[in-house]
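Got a structure here, written out as structure tokens. Questions coming.
For reference, chains read A, B and C in written order, and residue numbers begin at 1 within each chain.
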Amino acid sequence: MSLLTQTGSVIVINIRSIPQRLWMSLATVVSIALVVAVLLGFLSLANGFRQTVGGSGAPDVAIVLRDGSTAELNSTLSRDQIDLLGQAPGVRFGADSRPLISSELMLVVDGIKKSSGTKANMPLRGIGPNGLQVRKQVRLREGRMFAPGTNEIVAGSGLLREFNGFELGRSIRFGAQTWKVVGVFEAPGTVFESELWADAAVVQSLFNRGTSFQSARVALTSPAAMAAFAAYVKNDPRLQLEAKSEQAYFASQAERSGALITYFGWPLGIIMAIGATAGALNTMYSSVSARAAEIATLRVIGFSGFSAFAGTMAEAMVLSLLGAILGTAICALGFNGLSASTLGAGFTQVAFRLQMGPALVIQAIVLAVVIGLVGGIFPGLRAARQRPLLALSAA
Amino acid sequence: MTDFDLVRKNLFRKPLRTVLLIVSIFMAFLIFGLLASFNVTLENASVAGSASNRLVVANKINFTQPLPIAYVSRVATVDGVTAISHYSWFGAYFQDQRKSRFIGFAVDPDTYTRVFADTIKLPETERRAFVAERTGVLVGKSVADQYGWKVGQTVPISSNVWVKADGGRSWDMKIMGIFTGAKPADPTNAIYLHYDYLNETRTFGRDQIGNIAIVTASPDLNDRVAKTIDAAFANSPYETSTVDEKTFSRAFIKQAGDINVIITLVVAAAFAAILMIVGTTLVSAVRERTKEIGVMKTLGFSGPRVLRMVLGESMLLSVLGAGLGLGVAALALAALSKSPLASNFGDISMAPLVVVAGISLAVLLGLVTGAVPAITALRMSIVDALGRK
Amino acid sequence: MSDLIKLSNVTKNYRRSKEEINIFTGLNLTIPKGDFVAIMGPSGSGKTTLLNLLGGTDRCDRGEIVFDGEHIEAYSEGQLAAWRARNVGFVFQFYNLMPVLNAAQNVELPLMLTSLPIKKRRENVATALKIVDLSDRAKHRPKELSGGQQQRVAIARAIVSDPKLLLCDEPTGDLDRASANEILSTLQLLNRELGKTIIMVTHDPEAARFATRTLHLDKGHFVEAIS
């Protein structure tokens, strides 16, 4: 019999014998599944958050902040400065021949987080009349847009998922003023969904902000115009502002945010994997010893040591792959798409969903495969090196 | 030879198998030790330095919204308030915003250092010097250590919120004292400057403050005082929300997300895995010894005694693995506590509560994994056990 | 009374899946003190079951088993265990030593059921090993001993508590002729010099010759043959 055929036969024998050690094999599969599920869970958490933040920016919209500010909350812009921006190269003009610029400011208000029942920071953003035009990802889902000059608010659907009190038609009190939610908007996969929007002028007056804004969002004619626009803003001595593409702005935020979750996920996954590997080794050693007489008989007949090795490896790999599939299924059915929210870079809550993806699943499967490999190699070597006559006489 | 000797020898009958099991249990308890301690640390950090009779008065819209400074004298008159101070977020950084890791507040110097005397510890002479010097600043020990600052030095502190009339964002401040926290391990990454120094030089936000801190005559009065204050300012342009310090801090930490749930799920997953691994292996191991158990019973060992010995094996196994796991976790935490990141959280070493919980879990694990094989051994009939070839 | 054991009218049935097989009905047997009896018979005749009943490791369905005045048929599991520890030593065909213990520790096992102090235990173990002539192998594990040596350890274990009765189930079944004879001589010694009552089940007529008398068991009934 050729080596290949031998090996094939032994592999089949090994795999067919798995039900004889049902409970221990099951334990190995389940423990590997749990490792995969935990790792995937963390990676999906990080991925979902990163995607939401990173996916929020458009390449042809510039966000302008005060020079040196890292976030909108730290920045101030005056009306004059924003008017000057309209003269920069690359600015797109609207149907009314005026530059498409939205002057904005953000405030933090309180909401009640559904999951913990405690207070959390919610962003209330005052936007200009061009607010919707500089955000093409946004779509009004229910109700209507707020009327300029009124105490009306529209709420993001992500915010509604995670927090109580901002449903359509509700009246909310911020300070001494009452506001009414007249619409709900969607902007899936972006941070905008976690915001409340109102008229900037109304926000300014009711919160005593005078005439100052925090940021300006400028629609450009094309992504290619970004460089020239940013250079103009930087070089103009009257401005003291900094412009970057929305995409770049959010991308750098995204990078910083997912890291923390990943720093936890991988170490945890690896520690659990070591534990599961020890369990897999046990199961495989037990398999080799339980079948010692069988292996010895095959060897005496003439099957090679390699085939014994391969058979054991195959058994280990089957168990670990089953575990990987089970773990991925647990994550996909139990966690994927689950809504979550946490503190974002702007010191306010960002609502996002856990997001599994092919790259993540592959990482988790690789871990499971490594467990199977290690769990199979040493017992496999023992099976290959077993001295057949000795094993038979002991039986 | 004692029963324990038998237990020990039987447990290590196949040394490799037992070592592998210990490794699995070790990993699970390592995870438990680290995560549970992390949880406790967060909880402690959130209430570190909180006093039971200190309250925070904040703008009702959100604590980042300002209050008028005039409120301070009005709140001081409320029955039950024995001390009062105010503080405002400065948005402080030194040189590079991204590398700066401390926070800064503009405070009413004399009252603040008195109200928070338990968390701002420094010699009285330095405190008085700080109160007397308008451009003075008190610096936390970890900040001073980070930049090598000494008392008497003048340093420029920048703000990412406030602007001076000349457009500048940096205020020169003279270090009047270096303070430590309530407990040696408490975080000290903060600085405190004079409110007046900020207020008189900033371009907007004049005569506004961030929050008011008050001390009540006793914690029992907290509720009543809070309600009185909030009622006084209801329906005004600046409504207030007054809560005790602990509640305030806890809500703040909870913003990060439901860490508790995640930690519980992970620890549960790890333990479910080892429960299966250890349980099934022990069942298999005891089954191998069917004949021996039959012989023990023939010799005269009673069923209950045999059960105790099998349980003894699973308990010994569990305790060994748990001891290693908790021990290594404790060492890892002790090593981590020296790192700069840890100083933000205060004391991150393993809390006694975690150790006790860990030991209880180990006992429970031992009982559960040993239950099936032990009961099998108990019920085994001698005739059946010896009849098996 | 000079009878050590008396079985009166013993009936024993054995249930295997749905069948009930009758092993003994109305069996009678008397073993005087100091007797050395060999029990022979074809497989299925009930030899092992008889040994189990005599040793209190199995119970009869009807009848009486009286051991030195005690009605052991009425004892509970716990009482039987304690009774066995005091009164009976067992020797099995395949030795049944614990592989994780050495010879001396194996011999010590029955003493863990007593409240003897450590010093006395050590003495008893040493004495037992001396009787079977294995003192120099005390620290060896079973896998380091030959079949004959392992059986001698087993005998030492069986006598270390100084029981009145020794029950042996095919003690030489796994040994070569020379080792078998050694074991049987030792049993004779125990019977003649130390007055132990011995009941031995065996296939081997050569082994039966070492006993004082032989009983033949066939389908649950005795046929005596004088040796």
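One rule holds for everything that comes next: a residue touches a chain if its C-beta (ideal position, glycine included) is under 8 Å from a C-beta of that chain, and two chains touch if they have at least 3 such contacts.
As the structure is a computational prediction, the values presented were derived from the model and not from experiment.
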| task | May I ask which two chains are joined by the most contacting C-beta pairs? | result | A-B
| field | Most distant chain from subunit B, judged by the mean position of its C-alpha atoms | value | C
| Closest chain to global C-alpha mean, per-chain Cα centroids | B
| field | Separation of mean Cα positions, subunit C and subunit B [Å, integer] | value | 66
| query | How big is the gap, in whole Å, between where the Cα atoms of subunit A centre and where those of subunit C centre? | reply | 72
| Centroid distance [mean C-alpha coordinates] between subunit B and subunit A, Å | 26
| request: Enumerate the contact residues on subunit B facing subunit A in the complex. | output: 16-17, 20-21, 23-28, 30-31, 59-62, 64-65, 91, 97-98, 160-161, 163, 167, 169, 204, 235-239, 250-251, 254-258, 261, 265-266, 269-270, 272-274, 276-277, 279-281, 283-284
| query | Which subunit A residues qualify as touching subunit B in the complex? | reply | 21, 23-24, 26-28, 30-31, 34-35, 37-38, 41, 68-70, 74, 76, 107-110, 113, 115-116, 118-122, 174-176, 207-208, 210, 212, 240, 268, 271-272, 274-276, 278-279, 281-282, 285-286, 340-343, 347, 349
| In the complex, subunit B residues that touch subunit C | 1-3, 6, 9-10, 12-13, 291-292, 295-303, 382-383, 386
| Which of the residues in subunit C end up touching subunit B in this complex? | 52, 55, 57-58, 77-78, 81-86, 90, 92, 96, 98-101, 105, 108-110, 112-113, 157
